[in-house]
Structure formats: structure tokens, C-alpha cells
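Here chain A shows up in two complexes: once beside chain B, once beside chain C.
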Partner chain A sequence: MGLREYVIRRLLQLVVTFWAFFTLLFVLFRLVPGDPTSMFILDGMTPEQREQRIAELGLDQPLHVQYVEYISQLLTGDFGQSFIYREPVIDIIIVRFMNTIVLMGTALFFAYLIGLTFGALMGWWRGSKFERGGIVVTLAARSSPEFWVGIVLLSVFVFWLGWFPSGGMRTTGGELGGGFLARYGSTDFLRHLFLPALTGAIVFMATPTLLMRNTMLDVLNADFIEIKKAEGLPERTVLYRHAARNSVLPIVTVMAIATGAAMGGSVVIETVFNWPGMGREMVRAVNSNDYPVAMAAFFLMGSVVIIMNFLADLAYVYLDPRVEYE
Partner chain B sequence: MAFRKKNRREFIRAAGATGLAIGVAGCSSNGDGNGNGVSGAEELGEQIRELNFVVPTSGVNQFRNELANMVAANWREIGIDVDFEELDFSAHVDKAVVQQDFDASLLGWGGTPERIDPHTFIYDMHHSDNMGEGGRNTPGYSNPEYDELAELQVTQPDEEERQQTVYEAQEIIARDQPRAYIANEGGIHPYASGRITGIEPTLGEGLNSFWNMISVEPLEGDTVTMGYPSEIISLNPMQDLATPDRQFVRLIYDQLFRIGTDGLPTPWAAADEPEIEDGGRTYTVEIRDGMTFHDGEDLTIDDVEFTYNLYADSPTYGSLVDVIGEIETSGNEITFHLEEEYAPFVANVLGQVYLFPEHIWGDVEPEELSDFEDENWVGSGPFMFEDWERQSELQLRAFDDHFNPPNTERFIRIPGSDVAQQFGALESGSIDFIGAIPQPTALARIDEDDDLDGADFEDIGYVKIAYNMRREPFDNVNFRRALSYCVPKTEYVDFVRDGMGTVTHSTISEHNEFWHNPDVEEFDEDLDAARAELEEGGFGWDDDGALHFGADQ
Partner chain C sequence: MSLLEITDLKTYYRASDGWVRATDGVSLSVDRGETVGLVGESGSGKTTLAKSIIRLFPKNAEIVDGSINYDGTEITELTDRQLRKQIRWSEISMIPQNAMNGFDPVYTVGSQIVEVIRYHEDDTSKKEARKRARELFNELGIDPDRIDDYPHQFSGGMAQRAMIALALCLSPNIILADEPTTALDVVIQDRILETIKEKQREIDSAMIMITHDMSVVSETCDRIAVVYGGRVVEIADAETIMMSPRHPYTLGLRNAFPDISDEDKDLISIPGTPPDLVDPDEGCRFAPRCPFATEECWEVTPEAEDYGDGHMVECHRADEIEYLQEEAAKKETWMEQEIGRPDETPPEVTSDD
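Moving on, here comes the complex of A and B:
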């Protein structure tokens, strides 16, 4: 099978995966008790107001009618309107999604940059104090809950040293909105980004470090490394160009999945640092039965996972010519 | 979890800290199976089925979750099996208020300012008209004698007479116990005394009160920043709004009257008290001179008339002004002719309706009202809308042309998803006060920090347990009264809530002084009294201590 057929087949599989995914989402949300009016009832919504709102939202229709309507709406690229905010879902989601991408992207970038380097060195210097110490540090990071890491960083850098702000994305009272650069380009933003990104980096770092070390150990036992060493190549060249590059393959898969999961935003990191991202929005939407926003949020997050997996499959082919299209 | 809580409770008891008659609880059963010599019915019928008790998860409300565990332990103690069902807020409301599919449900009922007038607590919550799906009479309480009083108080413009009716209504409710009325959950809202001054916490709202937001003042700079653990939904007064939304909408939009710090409606955009004629069926209000909207346009009597017509057309809020028959204006005066007497008219209608600029809302179709986006949210209130990014911040600016401008030039609201995070922001200086009760550990930190303080406030809303009277055995008044004797109200306020709040026995809080009847029957935790009630109701116990109907019931 050629590359083209392979890609087409994988794309078709993608469509089926997507369909199954949002059908499942649709059913799950409808099964949860409560509806979008529940949160207003104790604040004084009368039974008549409630019935009227349910009818307005079409929630009095049979489930299959709602389903068909939702799917046809989705096919036109429309996520609908938030049941609670009464604004287009896309307007609500897009800003949060960007905020999350910037935060998690930074965290993942540093997690993988440090993780890969550190893991490769640990594998290279097997048996050394560096490796033993490294494993302890990595396992400690891996076992620390996100909220705990966040709170420790807050205690040290905010409450004790006073170097960073305690939360949010910018100093309050300034101008809101603005373009990409205005939002994410200022030093004020970077100061707010530092601690939540560091928390994410610490938490995400362990997986690539350990995985890189393990695959490095396998690769280092391979004959070609001995040959490269025998060729008299400098140690650095053997380490980076030959050993590390050949160890990076499994990391690609893990990175794809981790990226997907991270894009959903870490509810915990976003809560501890009051980051206005997807995770918090998702929790709000689920708690208030705001189905369209919740579905769109899960949909985006799931899509990143699905697409990243697809890209990982393609990347395999590029990185390792021995992988065949099946 | 339940096991741990029970142990803690036993520890409190052992320490003798409650001072209640609790020695009997926990004793092993003797021959009669209930532990105190009360024998109950001689011939037993069917065993009382397991009761479904719907309660909030500890994530939703840790105080109430603990209370529910304590109550369930006492119910078990008097021989009743309890199916303890912990639910998230929206699932709980759906099950208990909308579906009414529960035996007993522990929920709160908020004490917003318009509920200081007793109408909501007397009529909405207990009249048999309101026991349908989603209605506020969740227990399904239906008592013609009571209904008559609840209807009578609406028609009594004379406050003394109305007070007497409201007193009688409270006595009947206390006797019948459709709910166990447990505690008014006042509390503490933390603020930075080192950075702001002029705070004014009010009944039921603490630092979220309107009066606080216009009186609070920064010691340095021109901005006060508040934190609240959730985002507001909209600033559109015509949308379905929750309490946190209204707390901001009313800063931007004025009403003719506002509920004052004393709980009574005070003239606001109205120049003076209303002139009431025709036996309480005609209200005439004169509006203040010289009011303008934030965009500089004058607020005229036509805008006021337009507003009341707009409400009448609104699918969402039409019912609020149902009672108004005709409206007339003359000069600076507006006259409302009511369809029938409605004693809470000033507090519940004139005090609730926000004044809209006709030049902005005039062309909006009724069905579009709740979706209408006025980008600048032009009202006439003491604060003007400046900017808003959801989940980040909402910025307001003082409207200096207002007749009662606020003491801070800028007011910023930061939403969070966690009160502990916000408390950290308060400590680190990025917010100045929080409109929510912080986590228990924060109270000690307030004491230690010279820059922080706590604003105490009391509440008129309460936590209660509703009994579903549509079902057996809750249709039996002795059974309900017995269950109410099992609620450790004092222990809840003193220990679980660390002294925040007050025990209540009536649907009207003691902090609502004029309307509260101090002489209603009281139900303090007393398991002996509970057993005596059950015996009087004809119930009995088997040898294992399980509660049964009597054979002749």
C-alpha cells in the first residue's frame, strides 16, 4: 500500500472515530441529571419560566430529534449557542482555547526539551550518580500531584519571595482583549505564565525523561553504536546524532497523546493559578449543564488527541523508514 | 467518610460540649428495641421503608454534607434505614425541586434582599399553589387553613395587621413541620483592611451587598478589586439571572426603590415614598429630577413607563409585573393601578424592576430581549460598564453624575473557580475582598494577618430539610416532627460552622426582626422527644429497634 492509500484510509477511520466520539458525548451529556435551568431555580425561576426556557432550547423534543439537529448543525461548522451565556459557543471557547494552548504549549515544550535531554544523558551515563539521582528526582516529580506542585511553587515564589503574581493571566485593571501580541507578548503576561507553566513542565517532564532513558538503553546496546564509537566519532556526535535520534520514536506517540490531553487544559493547574482556560470553562459548562459549550470543549480536546495520533502515525513513517503502511 | 464524621461527633458528645440531652443517644437497645423505655404501638404493621435522603456532596458544600451525615446517623438511631444519596448541585435541584423524586432533601434557600419581605418565605414556599414541578413548595405542603393566611397577608397594606397574619402562619408551619428549618447561615467575608475602608456588609449578602460596593473605598489608588468564586452569566437584566449576576446588574441599572441596609425598601430613583391610595391598589411615585443615563441622555418619566411596559412584554420577567393593571404618567409622576392588593409591591416590584433607556431598548422585540447585547450596557446606576473578558475580569467605572456616586473610581471583579485560590490572591494583594465564605483554615490566617479582616454578616435564608409529604410516611405529622427532633441544629452552627450563623425554628429568620415570630414551637435535637412523637403517631419498634407502622395505621 502506498502512502496516498494509507493516508486516505486513515482519514476515513478518522471520520468514523469523530462520529462515534460526538455521538457518545451527546448521549452522555443528556443522561446526566439536571438541565440548563437547574442553576436558576433556587434563584427564583418559576415553573412557567422554566418550561418556556426548556422549550426555547428545544430540550422538550425527543432525543433523536435533538441529535439530528445537533449533528446537522455541527456539519455546518456551527457549535451553536451557549445555553447559559446565550452567546455563540465559538466566541466563548476560542479565547479560552488559545489561553490554554499558550500555557500548555509552553509547559510541554520545556517538559520535552528538558525531559529528552535529561533522559538521553541518564541513559548515556548509565550506573553513574547522575543517573541514580536523576531517577529519584524524576520519580518524585512524577508522583507529585499537580495541585501540590502548584501550591509549593506559589508558597515559595509568591507568598515567600513575592517574585510572581498569585494568579490570572495579566495584572488587573489594564486594557482587555487585543490581538495575539497584545495578549501574549507582554512581559506582564510572561510573569503570569511562569509559575503555571513551570508546574505543568514539572508534572509532564517525568514521562519523556524515563521513556527516553529506557529506549536509550536499548539503542546503546545495539551494534551500530559500537561501530560508530569504533569509527572514532566524538562521543557527542554518537550521543545526539545516532543514539538519541534512534530513541526518539516512542516519544513521538507519547508526546502526541500528552499534547492532546494537555490541550483540554489542566483543570487543576488552571484552578490553582486562576488561569482563564479551557479546563475551568469545561468544569463550569458541565456543572451548569451548558451542553453546547461542554460538548464543544470536549470535542476540541478530543479532536486534538485524534489528530495528534494521526500525525504521530504519519511521523513514524518519516522518522523510521522501516515502518510500513498497513 | 461517614465513619470518621460519626466518630468526631461522638467525641464532641463525650466532651460534653453541646450541653444537649444527648446521653441517651448511642446506648444499646433494651427489650423494647428503642433504648429509652418508649414502647410504641403494641401491634406492629409493616416496617418503615428505607428513606431516600438527598444531600449535597462535600464538594458542593462541606458544612451541609457533614450536617446531613449527622442527621442520617440520628435517624438510624431511632430505627429508620436511610439511603444516603449525595448529589452535585444541579442534579440535586433537578431531583428534589423539579422531579420531586425524594423522601427528604437537604438544601439551602437563599436570603436575597427582596426576600426580607415575608412574601417569598410565607406564600411562595408554603402555599399549595406552588407545589407543582419546579415550584418552591417542594414538600407539597397543602393546608387550607394555612393557605388562607398566606393569601390574606398579601392583601394587608397595614403592616401591623400583616405582621399578625405572618406570625400566625409561622406558628402553623412550625407545628406542621413540612420542613426542618435548621439554621440561617450567616458567615464571614474576608477583606484587606490594610487596603480598603468603608466596608458595609448587609443582611444575607455580606460584602456582596449593593451598599458595600458603593461605600467601599481604596486607601491608596483609585481601584477596588473583588474576588468571587464563579463568573457571572450576563449583564443583561432581561436574561435568566442568578444571584451573583443581579449583584452586578443592579450596580449598572437603577430601580425606583432599593432594599436599604435596614431591609426595608428605600426611595432611590423615586424622589420619595410612594403615595398609596384606593386601599392599597394604587401606587403613585415621583421620580428624581436631573437623572441621566451613562451615555448622557436624560432619564425621563417616559423611560420609566417604557420600562414597565417592557417588563410586561418580556417572556422571562412578565410575571413580575403581572399584578399591574394600568399605568399612567403625569409630569414627573407615574401611577400604577394594581389588579388586586399586593402588599409587597414596593419591595418585590418597584424594588426589582431595572430602569431601561428607551432610546436603546425601544426597538427590541419582546422575544429578543433576553438575547439583546447592548455592548456598553447603558443604565443610570452608580457604576458604568467599562470592559469585560469572561473568566478574567469585569471592569466598572464610577458614574460621577449619579446622585449617589460610589467611593471608588474603578471597581473590578475577578472570577475564580476556587475560594482557596482567591484567598491566596487576597493575601498576596491582588484582590481586596472576597464575596464568599473562605475555607475554614483561612479564618485563622485572617486573625494572624494585620492587613486582613473578616466582615461578619447574618442571613435570612436558611438550610432546611424538606420532607416529601406526597409520600407515606411523611404525610404523618408526628413522623415529620420526630425527624425534625433528630436535627442537631446547635451542634451544626457551633461546631460544624465554627459559630457562623444562627439556629432557626421558623421560616422567617430572627434577623428579620419585624416579621419574625419568636414564639414558634422549637425543635432542638432530642431523640427522646422524637421517640415520643413516633409513639404518639402510633408507630412502634420491633426487637431489633427498627421502626414500624402500628398495625392500626
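Moving on, here comes the complex of A and C:
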């Protein structure tokens, strides 16, 4: 089977996975124990209002009709109205989602860039002071709570040095609107982004670093590494082109899952830095029974995980010629 | 002067409990076009010896003493960069034991051959390098189009041929062949060995064949060095080693492999395991396993003695050749309980004996 067939088949699988995920969400939100309608009914409604509301939401329909209705709404991106904001859910959630993607994407990018490089070097210089020191630093970063890292960075860079703003996404009064670049490319925004992204990077870095070091140690024992050295190739070439290139393979999947999970946003980082992202929004929605928003948030997060897994599989096939297209 | 002249070489590994003397005072020379076999069990130090020639060992290993003179260049004194640029692969290349694992799995075989050619030859274009790789494949009996295949798409025998192509691509003067056929089945083994020999003659390079298999060296080598406990305990031309060796270890090794001329011969293995090379004591290192060990063997390390025609033997009793050969051929001689230092394990007095 060729690459093209493989991709097509994976795409079909993707559709099936999404369908299963939609259904699961439906089941979770409609068939929870107790009266499902109670979630949608606010206190202090008269019985007539209740009836009307239930009819409005289509909850008086048979389950299969509700299901079909639900799927078609998801596919058109219609998540209904937020109970709290009285605005379409999609408008609320999309902005938060983009904010999170930018923050977490930046954090993950640097976490993996630095983590993979350091992990590779730690494996390469096994037994050196660099490796031992690196492990200590990595473990320290791994065991530091996010809020603590955030607060330390805040006190040093904001309250002491005064280099960065203390929170939020942009200085009040800074013009909003315009395209993506105008929103997320301005110096003001980048200054706001720096500390929360750094916090995320520090927290996320441990996994790729330690994993990379471990797989490096395995790969460095492989015969071909010795041959590459015997060939007289420079250390740099053997390290990056051969050892690290092979070591990165098992990390691709981990990276995809981590990315998926991170897109849910980090409540802690968003709270410490007052970042208007998905994590905080989700907690708020759940706490205030803003069911449509919570559901949309779950939907987006789950979708990202599924898509990242799909991309990881494609990347793996691209990176490792040994993978059979099965 | 020989192409390669190793003198009193000592390569030690740092271990938690001291120095592992993997190569401990070895002298060996290799002439142009000559094939020298290094035979010994695994753990005898034969591989360390061979890899020391291109200083290919882990970071905890070190050449602590001795000299390796390659064609006038003292290898032990080169910087890493000089070693990589001037010696490795362009002058001395190697064929590893398991070719399947000798190629990086994520690149095509051809691109790996091209990589090494282009690193060593600044003026060679990618196109020329590819052309050379195709030619080599063709000469070695592989379809040239397969240079664009990945290593896992090759069979074991084909991967070994591709590895030979890689080893030959810079026409080296010495090829280190580390058990080049053990991973293959017997039918293919012979063909691969023939191919190696043929190509070696063609480019007139010397070869050091590392193996535990007496039958392999007897077919392919001009001279054979028997390695035990980090030392060359016996060296002579192939015929002498096969027909009239003087060292008990050589006799033992010979017993362990089938003899083509004598099909009914019993295979006898040497009891025990190679010695621990961490700070070994005085005395012959083979003594704990040697059926002929005497008190002297345990106390005094034997010196190499010359028995003519470059036949060097490190054994106190090497002059008793007839007795040794006769006894060594008997199975009883190599019984486990018969050997070991007498005063260390005092014989138990049993009533019915």
C-alpha cells in the first residue's frame, strides 16, 4: 500500500473517530444521571417558562431527533447561546481558543526546541557534568508547580526589573481588531506573551528533555552510530543528522498528545497572568453551569487532540521509512 | 616496513573497580594486501584491538601505552580531526558484524554512501558519488537501482554486500572486518567471504578479519593471531596455526570447530569463560582453563617466544608441542573438573576412590 492510500485511509479513520467523539459528547451531556433538562433550566422559572424553554431547546423531541439535530449543529459550528454572556458561544470560544493556541503554541515550540536539543546533548555527553547538571535542572523544572514558576518570573521580571507587563494580553487602550497578525504580532502583544509563554515552556520542557535523553542513550548504542564515527564524519553530523534524527521518532507521538492537551489551556498560567484563554473560560463555564460554552470547549479540545494524533501519524510515516502502511 | 605496525599496544577501559585491560601489550604487523585474522572468544579483546587501530572506542577507553604506526603516521598522536579526515574510512574502513544495523535506518543506503564519499572528497559532486555507489553495487551483485532503497528493504546478505560497498567506496588500504558473516546463514556466508576476498585483491588492500570462527580464518587469512585475555598468545601463518599450533588455547579453539577433512571429529569446547581483565594477576591468563597449567604458569607470565618464521607463542610449555597436540585432541583433557589451580581447590578425599 502506498503513501496516498495510507493517507486516505487515515482520513477516513479520522472521520470515524470524530463521529465517535461527537456521540460521546452527546451522551455525556444529555444522558447524565438525573433529569437532563435540569441543566438547562434556571432557578425561578415558572412552569410555563420551563415548558417553553424545553421546547426551544428541542429537549421534548425524541432522543434520535435530538441527536441528528445536535450533529448538524456541531458541523455548522452552532453551539447555541451562552447562558451567561447571552452571546453566541462560538464568538466567545473562538477568541479564547486563538489566545490559547498562540500562548501554548509558543510555549510548546520553545519547550520542544530547547528540550530536544538539550536532551540530545545530555545523551551524547552521557556521564558528564553537563548531563548530571541537566538532569537536576530538568527535574527541578518538572517538579516546580506552574503557579510557582509563574510567580517567580512575575516577581523577578515585572516587580523587580520592570521589563514586562504584569498580565493580560495587551495594554488597555491598545487598539484591537485588524487581522491575525495585527492582533498577535504587535510588540505590545509579544511583551505580554513573553512571561506566560516562558512559564509554559519551563513546565513543558522536562518531558521532551528526559525522553530525548533516554532515546538518545538507546540510539547511541546502535551499530550504525559506531559506523558513522568510523566513517570519520564529524561529531556534529553524527549527533544531529544520525543520532538525534533517530531519537526523535518515538517523541513525535508524545509531542502530538502533549500539544493536544496543552490546547485546553492551562488554568493556572492563565490565572496567574490574567490571560483570557480557554482554561479559565472552561472553569468558569463549568462553575456557572454555562453548559453550551463548556460543551464547545470540550469539543474544541477533543478535536485538537484527535487532529494532532492524526498529524503525528502522518509525521511518523514521513520521518520513519520503516513504518509499514498498515 | 609493514603498512601497519602495532607495538606493545595497551588499550584500557576505566571501570568502577579499576582498569579493564582489554588490549594489554600487543604487537602486530600487517603488510600491504595481507589478510590477518584475529581469533578468540568474545571477551578476548580481539575487537578492542582492531578498533584501537582507528581509535574507535567508547569515551571511557584509552590507549595508555604503545604505538600504532600506519604507513609512517603515528595514529596515537593524531588529533581527533586529523584522525577523522586522514585515516578513518579513507585509509582504514570497516565491515561490521551485523550489516542490517550498520546503516542508519532513516536514510537510503545510497545516500549514506554518498555522504561518506563527499565528506572525504571535497571535489566529488553528488552525481559522481552516486555513480560510484551504483558501480559498487553492480560489482557486488546488487541491482544499482537499489541504492535508493532503505536498509530495512534489504535482505541480510544484500545488506552485508551493501556494507562492503560502503567499506570500499574510498578504496581504503586496510579493511577491518568484524565477524562479517556471523549474522548470515551458512550458504550466504561463503559467498560473502569470497566477495570480500575478491574485492580486497582488486583494490589491493590489507584486511584484518576479526572472528571467533576458526574455519573462517583458515579459509581467508594469510596469518592468524590468536587473542586471549587482551594479548596475542600465538601468531603464525594460517597453515601453522591450523596444522601445528603450540598454544593450548589455540589447540582448544581448533577443537571447537568442525574440521573439513575429518567429518567425524568430536567438537570439544574449552570449559570456563574468558578471564576478568580488571587488573589481572601475574601468571598466564589462560591458566585457570588450561589443562596443562603447572605451578610456573600460575606464577610467571609467559613471554612471547619465537619458533621460527614469525611463529610467536606465549606459553611456558610451547616446546612440548607433540605432547600438547596429542593430549589436546582428547576429550577427557578438557573436562571441567580436571582443570583449575590445584592448591585453590584441594581435592576432596572420597572413600570409594
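Operating definition for what follows: the second predicted complex is superposed on the first by the 249 of 326 C-alpha atoms of A that agree within 3 Å, B and C clash if a C-alpha of one lies under 4 Å from a C-alpha of the other, contacts with A are read in each partner's own complex, and residues count from 1 in each chain.
The rule we apply is simple: a contact is a pair of C-beta atoms (placed from the backbone, for glycine too) under 8 Å apart; a residue touches a chain by one contact, two chains touch by 3 or more.
Computed from a prediction, not measured in an experiment: that's the story for all the values here.
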Partner chain in contact with A:Gly168 - chain B first, chain C second, else both or neither: first
Contacts of A:Asn246 with chain B and chain C, given as first, second, both or neither: second
Touching partner for A:Gly2 - first (chain B), second (chain C), both, neither: neither
Chain B versus chain C as contact partner of A:Ala230, first or second or both or neither: second
Which superposed partner A:Pro62 touches (first chain B, second chain C, both, neither): neither
Dominant contact partner of chain A by residue count, chain C or chain B: B
Touching partner for A:Gly77 - first (chain B), second (chain C), both, neither: neither
Residue numbers on chain C that touch chain A, as the complex places them: 54, 56, 59-60, 83-85, 87-90, 93-94, 96-98, 101-106, 115-116, 119-120, 150, 152, 166
Residue ranges of chain A in contact with chain B within the complex: 32-35, 37-43, 45-53, 84-87, 92, 95-96, 154, 158-159, 162, 165-170, 172-173, 175-177, 270-274, 276, 280-281, 283-284, 287-289
Touch list for chain A against partner chain C, complex: 127, 222-224, 226-234, 237, 242, 245-246, 249, 319-322
Residue numbers on chain B that touch chain A, as the complex places them: 87-91, 93-95, 97-98, 107-110, 112, 132-135, 223, 225, 230-231, 233-234, 239-243, 315-316, 319, 370-371, 373, 387-393, 395, 410, 412, 414, 416-418, 421-422, 424-425, 427-428, 430
